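In the two complexes below, chain A is the common chain; its partner is chain B in one and chain C in the other.
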Partner chain A sequence: MIEIIVETIQQVIVVKPAGEIDASSAAVVQQKVLPLSVPGCKIILDMSGVAYMSSAGLRMLLSVYRQISGNKGRIVLVGLSEELKDTMSMTGFLDFFTVHDLLEAGLQSFS
Partner chain B sequence: MERIDIYPTHTYKEFKMRPGRPYPFGATPVPGGINFSVFSRHADYCVLVLFEKGQSKPFAEIPYRGMFTRPETGEPFWGDFRIGNVFSMVVFDLNYEDIEYGFRMGAAFPKSERGKPGYHRFDPGPILLDPYAKAIGGREIWGQMPDWNNVYAYRSRIVYDDFDWESDRPLEIPTEDLVVYEMHVRGFTRQRDSGVKHPGTFAGLREKIPYLKELGVNCIELMPIYEFDEFEGSHNHPETGELLVNYWGYSTVGFFAPKAGYAATGKARDGTMVADELMTLVKELHKNGIEVMLDVVFNHTAEGNEYGPTISFRGIDNVTYYMLTPEGYYFNFSGTGNTLNCNNPVVRGMVLDCLRYWASEYHIDGFRFDLAAILGRDQSGAPMSNPPLLEALAYDPVLAKCKLIAEAWDAGGLYQVGTFPAFGRWAEWNGKYRDTLRRWIKGDGGLAGELAQRLQGSPDLYASRGPTASINFVTCHDGFTLADLVAYNGKHNEANGENNNDGANDNNSWNCGWEGPTDDAEINALRHRQMKNAFALLMVSQGVPMMLMGDELGQTQHGNNNSYCHDTELSWLNWGLLHKNQDLFRFFKNCVAFRKAHPVFRNRWHLRNQDYVGSGYADISWHGVQAWNADWSESSRLVAFMLCGKHARGGTVEDNTIYVVTNAHWGGYEVELPGLPDGKQWHVFANTGANYPEDVWEPGAEPVLSDQSHLFVGARSVVILVGK
Partner chain C sequence: MEPLTVPGTLDSLTIIGQYVNAAAAAAGLDKKIAYRLRLAVDEIATNIIVHGYEEAGRAGDVLVRAALDQATLTITLEDTAIPYDPRNRLRPEHIDRPIEDRPIGGLGVYLTTESVDRFEYEYVGNRNRNIIIMNRPKGAGSPATG
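Presenting the complex of A and B:
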């Protein structure tokens, strides 16, 4: 099971899933994030609580990215473990995203 | 609108299903479930076997025929999920990421005993890999010792086929413009000095794209990357104890699945992720102007002969998939135990499906067919004049722009270099180019005439097909590396554990005076010169040049000319040589750039040996020690030619005039140069007889030659001049 915390910090919506994102939990994360995708939205996905993402998880991220950038919003990923960052890089998903190690840096990138 | 076929019509135990679609074969995610479709002409029954990923026992075995119940009423009824010879059903509510699947098949034929001849080899015991599996589990971490007692060793997995290619498509570089680099995915970056984060993988290769760009190649040909088992036939060397494995991978387990052990993401046991990694590599190579060609092995499978394991085809429909003798033994035209029955219409369909899949889903730019002569044999093994498979591939709509390259011989004695049924499409690995170049360089006599053919794209072999039918090479994975070609007279394959009996004996190599490594500076200098001679001639030949990974660094296999079983430093590219042999790398790099800068080397059609644009010079003219007077005699070891720049690409573009002289003699010569039109001067691009750094120049920065009428060509040297 995946738990998702959503909070707003400095007008940025921070979504923090905790758990593994695979074919079944990816849909849960997506359902949580998509309603937040409104025109001009600023969203941070804090991945520090995610230990593993399957290919379905990677796809969910890209589809969320497409949705948000289609709405002229912005999404930033923070807190990716080295392993996740590697996986995203090797599978070509990393190139789409703005990535910061720390939440603070992610927040700053919006200001 | 929601589909109306997403509701189950049958239940079996706790599983829900409905009749599936025969096409496409394999496992395909559909709304609500997965469509499992598999062909067998002779099986009476088929059972779908489902595992949770990596589990030792299946969680379900669902028959394609039998008693089912109606979902609404629970009423039992008879069902049969089969159309024609295709078993197909949709199973609902499966998580495609978490399952592995296989089949059991059976028929009422007498069972053929292991090791005995037989036509049908149905056996309800083994769980069978789907021939159309898009991903295969079981060997996803290279070299990790398998569980030999696994009830299902190679497991079909499902790939979600929605990779985001953005605007990428195959590059369609004209064939005549290719410079091909034959390489081994693992061997390229496995060595510690490679400096990549993920050595030996697709991801590691991607990290080295800048190196390939610097070298200048625009096509990489990957040795087999279809799933194979590195442990197939693995054994310890009788004397050294070294574990010998199937490193090269010329033994396919599944034709639709990339080798998971080549993916850094393989350890995640996620078939889609492995596909993503390979696709990302292809996409990135394309972004950098580099095509990807696959070396594909359709002549046999990993199931071996009567004694081999039952993995897939053998248990699904032995007589369809394999060529059998009238007694029921496996024909062995491949030299590896069995022969895929490629001209059976169903198997032909599978080969087509497979290549279309790789071209459309992985954006692969071309294919090189291992032992392709087999693809032209009929079901009894006899060569055909008009082989339907080769014709179908040549005219296929999806493959229409793919390069198709044949290794135009097989292990059954069929040798078709120059005569491979081409249908206007097929190119060939030109084994005669390799042999002639090697013999010429080492100084054999009687070759001047033949060399002239090879340098021109072998019009004697490919008169109507043009030079692009000729894949020119001096070395490839099979045989000596270039450095070993000039350091060994004979093969040294003791490390293969077969008493040096394996590997080719006709290497046409010359050790330059000492067998193996030496401190003799003169011998080492000669060896470097000979390597440069070979590569320079390759780069100025009409046709398509192919080089072997590592030759640009002077890679050695210590005289081993058949390193198929060594997953060690013997085979891995030694990145430390980049520093040691920088003169070689620089020479190679500049030669590639020179070829790419001059369209006069890259003609689509054969040279005519005449002036057809009115430039005053023939498109190619031949010279010797005296200009305009070539020596074609038996004793001739010096040949020179001049390419007229106004005839480049059939006279459609203008290039510089190029003069090349190759002296394979052990003495030097003063040669007379042909005159250039007024205002033009000869400049030196390369002179292998000169010492570094004057052996080669950057294209465009060639210094003018001080004496415009005569040139000294050193012993065993190649000089390339550009007139501008």
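Presenting the complex of A and C:
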């Protein structure tokens, strides 16, 4: 099970999933984020509530990234755990995304 | 630990994860190693369920078994889908390409083999058997219970 909170802070849409992202729940996150990726969107994915993510989560991130950048929007990831960073680093995803530890820093990166 | 048998559906991934976490705790694996083991098992189980069963239009179970000895924790996954050696799917050359240019998919097996100490596959008695082995920390070896 995964719960997803969406709020808007300083014109940035902050999406915060809470739970584990596996092949079952990754689709739920993707369905939540894709409709938000309108032209020029600014989206933060706050991962601080995600203690586990498999490659299904990586594929979800890639799909979301492609959609958002196709719409000339931007996505920033915040709150990644050490373990999620390890997985993203092993697969080349970490360098690809804009990543900040804290939500505040993520918000500042848009201003 | 008693083996676990679950239906080959994505809903089963959570309970498989809980089983592996319990086995990792019993083996005394540290947090990062336990996470990698759970990731590896989850990736293989996902492939079995998605490619072996769902996409093939087949139904079946996934059997998960944990076995401890002094030096290692072994997690074995068995299924009745068509014979499939995940090692054939490993394409490391994709990892060196920028992620925009990569085909989506194929990452799971890569993560599995990178995360564990040993990964083996065999086809025995009409069953796929994926074997994932993690070394236990020195001194954690209680008498074998698996």
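As a working rule, the second predicted complex is superposed on the first by the 111 of 111 C-alpha atoms of A that agree within 3 Å, B and C clash if a C-alpha of one lies under 4 Å from a C-alpha of the other, contacts with A are read in each partner's own complex, and residues count from 1 in each chain.
Keep this in mind: a contact is a pair of C-beta atoms (placed from the backbone, for glycine too) under 8 Å apart; a residue touches a chain by one contact, two chains touch by 3 or more.
Quick caveat, the model's predicted, so the values are computed rather than measured.
If you put the two complexes together on chain A, you find that chain B and chain C bump into each other.
Here chain B and chain C are compared by how many residues of chain A each touches, and C touches more. When the two complexes are overlaid on their common chain A, residue A:Leu34 makes contact with neither chain B nor chain C. After overlaying the two complexes on the shared chain, residue contacts for A:Gly92 are found with chain B and with chain C alike. In the superposition on chain A, A:Val6 makes contact with neither chain B nor chain C.
In the superposed model, A:Ala105 makes contact with neither chain B nor chain C.
Using the contact criterion defined above for the overlaid structures, shared-chain residue A:Ser24 touches chain B and also reaches chain C.
Once both structures are laid onto chain A, the chain B stretch out of 73-81, 181-189, 199-207 or 271-279 that overlaps chain C is 271-279.
Looking at chain A, you'll find residues 22-24, 54-56, 58-59, 62, 86-87, 90-93 touch chain B in one structure and chain C in the other.
Residues of chain C that touch chain A in their complex: 10-11, 13-14, 17, 32, 35, 38-39, 42-43, 46, 49-50, 95-96, 98-100, 102, 104-105, 107-108, 110-111, 114. Interface of chain A with chain C (complex): residues 1, 20, 22-24, 52, 54-56, 58-59, 62-63, 66, 82-83, 86-87, 90-93, 96.
Every residue of chain A that touches chain B in the complex is listed here, in rising order: 22-24, 54-56, 58-59, 62, 86-87, 89-93.
Taken in their complex, chain B has these residues touching chain A: 95-98, 160, 162-164, 197-198, 202-203, 206, 263-265, 268, 270, 272-273, 276-277, 279-280, 283-284.
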